[in-house]
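Each of the next two complexes has chain A plus one more chain, namely chain B in the first and chain C in the second.
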Partner chain A sequence: MEQKLRQEAKALLEQDKVDYIIGYEKGSLKFTTTPLITKDKNDVDRLVVNPLIVNNLSVFLTEIRGRIGIVAKGCDSRSIISLIQDNKVSREDVVIIGVPCSGIIDLCKVERLVGEERDELDDVTREGDKVAIVVDGRRREFPIEEVLFDNCLGCKFPTPQEYDVLLGEATSPVSEMTASRARIAELEGMSSQERWNFWKGEFNRCIRCYACRNVCPACFCERCFVEETEPQWVSPIPKWQDNLMFQVTRNIHVAGRCTDCGECERACPMNIPLRSMARKMYETVEELFHYEAGLDKAAPSLLTAYESVEAEDLIR
Partner chain B sequence: MAGNKKINKRDIGKLLNEWNQGFTVFVPSREDKVTAFAKWDGVNISFMEWHRNTVIPPKTNFFPLMEEMFSFREEEDGYHTELPSSDKHKQLIFGIRPCDAKALSILDMAFKEGYEDPYYLSGRKDSLLVALGCTNPYDSCFCASLGGGPFDSTYVDIMLIDIGDELLIEEVTNAGRELIARTAGLEKVTEVDEARAKEVKKSSYNKVTRKINTEGIQKKLQACFEDKDFWEKVSAKCLSCGICTFLCPTCYCFDINDDSFKKQGARFRSWDSCAFPIYTRMPMENPRSEKWRRVRQRVCHKYEFFPTDFDVIACVGCGRCIRQCPVNWDITEILNNLPAKA
Partner chain C sequence: MEREAEWEPKLLSFCCRWCSYAGADLAGTSRKKYPANIRIIRVPCSGRVDPLFIIKALQLGFDGVLVSGCHPGDCHYQTGNYYARRRIAITKKFLEYMGVESQRIQASWVSASEGGKFAEVVSEMVKELKEVGPNQLFGDGK
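Take a look at the complex of A and B:
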């Protein structure tokens, strides 16, 4: 798959079909990959595809000017479609190199499972519906449900929904949604007071680094509402109330654009379970509007369209 | 060194209880979902099993994420201000890593020279740093390239060395010596212990495998300062979030905002980041509206400008910026690949 990717990428640059290639290369730490953004055809031999390609690279599309060849997993492709729907990206300007994705390995889960930090791991490999982890020469296998990112479990669209080239065969969902929303179900089971206290505790840790926003392809505003000063919607002082207000408002802004790629939660250095909130919004959108983000590039984006028959029970 | 003492690890709780009388003791904690230095709870010593740096650096003990500078209220005769209560306890930071201790010495310069910052200094002046050397550095660590090392005791009051079941105690400063002198229950070390400590230090130093070459780094950065192509290329994947700066133990930029309602409120300062496009927009404009200029600023501030002012590189090689970055942007790769002089 990597060989094909490198060939495709090289051809795109050589034939002047794109100005940039955006993909993944090996990262500088164990078991990490990092975005590779390049104009240079000599760099494409560094491109990789493996179960550790965490980033949703479509976040770079609104920033980099020019024609772009981009590597996209299922969720990433939907973010691209969503950006096309919002006129942030032109379909003609992107060449989508689709990667059928059978889920990405969550290294934090791996660390918890084996009780060691990633520095101590010798190897982590995906083998069918298992992930093999080797520590101190000792190999252990775990079912993927315990190792993949929550959002990958139950992902309905693992195959890119839009692509020019598909690397490999279309693939089917890796597991049921139940495992994917276990934490959300837990939150739903709380009383509203318990839930309030839970989020208060979580947002108490928020340092307002804005990684959740900056890593999010759906957060494409040139000026974010948190940076407005007249009026000031949210205080820049990172008190939990304002931190929560920021995240809730951000979730409303990305409703119908969020593809549940999970990047907000993965990027958060404070381990705030942001995807629980984002996923709940995703499901609310689905329930109210029968809409899922990034499936139809010709459709108007959710928040820009209104039909008189829709969602009578929206206000309740 | 003759006269060093040691303590059995299982007695650490007793030791901290004793020190907790004169100080507020902080320890590395994994309790609140993110590793940080937290007030010791008087019981838990599980941090002894974990010799690595915390996600949140101990700079927060003296320069917190947000801090009230003063409160104010408007009355008929005008505004009245009041300073926050100054009941700052003497802090003893137990288990600080040598890199983070060095980082505090760098913050001391920033907050002391030029102008004296009472908020930072009032907490810092009576603090005591009891370091625990790193026997198991992360692969993101590169302290050894910056004149430090996993057992660098230059900036600490007391250095602890893990020699197995016991910790060897090296007294470094007078404050450290005085504390040890009045601490009960410590044993004398043997020659075997000293030899073991030496061995531990050496093997730990060799475990720091990430390297940068700082020789002539200021000149190299000056030479490529205007190399827009280089900076654009290396900054391409940066997301302009605040993780690397906020979690950096030597970054000290802050923003000031009022939190007020009707006729009263308080003025706060909170961390700010040169990575943000809106940085310094309040007083004027951000002269670094393009991302490559912001990335360049972060690198150059640490490796070129700060050394010009204070004779020391404002990076201690703790590796948090590499480890926590959502795109694995790695400052060591940038520094090791600076373009040859144009």
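Take a look at the complex of A and C:
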């Protein structure tokens, strides 16, 4: 797969079909990968594809001008479709190199599973529906569900929904949704008071670094409402009230664009379970309007369209 | 306990300039009685109401927010209330999940000739808010 990717990327640059290639390369920390953005055809040999390519690269599409060749997994491709729906990206300007994805490995889960820091691990490899972890020369196998990111479990669209080139063959979903939304189910079982207190506690930790916003491909406003000063909706001091209000509003803004890629939660330095908000919004939209983000590039996006009869039971 | 007995809910309402605001006017001119707990902000269309307004109102201590616009099909701008409906629906559902009682955020369709309905909606909502109790979600740290 990696070889094919490199060939494709090189050909795209050589034939001048794109100005940039956006993909993944080996990261500076052990096992990690990091985004690679390049114009140089000699750099494409650094491109990698493995079960650790975590980032949603479509966030760069609204920042870089020019024709772009981009590596996209299932969820990433849907983010790209979302951007096309919102006229933020034109389809002709992107060449999507699709990667069928059967889940991305969460290194934090690996660490917890074997009780070792990632620097102590010798190897982490995926073998079908197993993951092999080597520590101190001792090899241990675990079911893959135990180390995949929550949002990968029960993923309905592991194969890119839009692509020009597909590396490898279409894949089928891993595991079920139950594990993926365990925390949401737990919260749904609580009283509103308990839920509010839970979120209050979580947002007490928020330092409002805006990593969640910056990493989100659906958050593309050039000027975010939090930076407005007249009126000043949100105080710059990270109090929980304002932190919570910011995150709720952000989720409403990305409703119908969010593909549940899980980047917000991964980017959060304070480990706030942001995906438990994003996923819930995703489900709310699906339930109310039978709409799922990033499936049809010709369709209008959720909040710019309507049906003549819908959601009437919520209105007096 | 003494304070609780005195407590009256504060309700903020966004009324569409073309129907609900006129409906509220009609309620007044036809001497319909409805609770004085409501504060009305006139907006050009229910589609003007940003979900942020609703959340901010709760943060500032309002006990409930009512968005009122034209009946579907009657929007002065043809479609404004349809867009509003989607936005309000997700805001309401999502805030419910976060832990805001569902009674605090409501929407209604009130036309310019429905003064009676306006009075009714406000009375009912105020009654519901009294049952839910004061908004202590954000504490006093606005």
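Operating definition for what follows: the second predicted complex is superposed on the first by the 312 of 316 C-alpha atoms of A that agree within 3 Å, B and C clash if a C-alpha of one lies under 4 Å from a C-alpha of the other, contacts with A are read in each partner's own complex, and residues count from 1 in each chain.
The rule is simple: contacts are C-beta pairs under 8 Å (C-beta built on N, C-alpha and C of every residue); 3 or more make two chains touch, one makes a residue touch a chain.
Predicted model only: the values in this text are computed from it and were never measured.
In the superposition on chain A, A:55 contacts chain B only, with no contact to chain C. In the superposed model, A:196 makes contact with chain C only, not with chain B.
Once the two complexes are laid over each other on the shared chain, residue contacts for A:33 go to chain B alone; chain C is not touched.
Once the two complexes are overlaid on the shared chain, A:298 sits clear of chain B and of chain C alike. Residue contacts after overlaying the shared chain place A:241 against chain C, while chain B stays out of touching range.
Once the two complexes are overlaid on the shared chain, A:188 sits against chain C while remaining clear of chain B. Of the two partner chains placed by the overlay, only chain B lies in contact with A:207; chain C stays clear of it.
Looking at the shared chain after the overlay, A:284 reaches chain C, while chain B stays out of its contact range.
Residues common to the contacts of chain A with chain B and with chain C across the two structures: 239.
Across the complex, chain A is touched by residues 51-52, 55-56, 59, 72-73, 79, 82-83, 85-101, 106-109, 121, 124, 137-139, 141-142 of chain C. Across the interface of their complex, chain B is touched by residues 27-30, 32-37, 55, 59-60, 63-64, 117, 119, 205, 207-211, 213-215, 227, 235-239, 263, 266-267, 269-271 of chain A. Against chain C, in their complex, chain A makes its touches with residues 187-188, 192-199, 225, 233, 239-241, 244-245, 248-249, 251-252, 255, 277, 280-281, 284-285, 288-289, 302-304, 306-312, 314-316. The part of chain B that touches chain A in the complex is made up of residues 32-34, 52, 55, 65-66, 138-140, 236-237, 239-243, 246-247, 255, 257, 259, 268, 270-271, 273, 276, 278, 291, 322-324, 326-330, 332-333.
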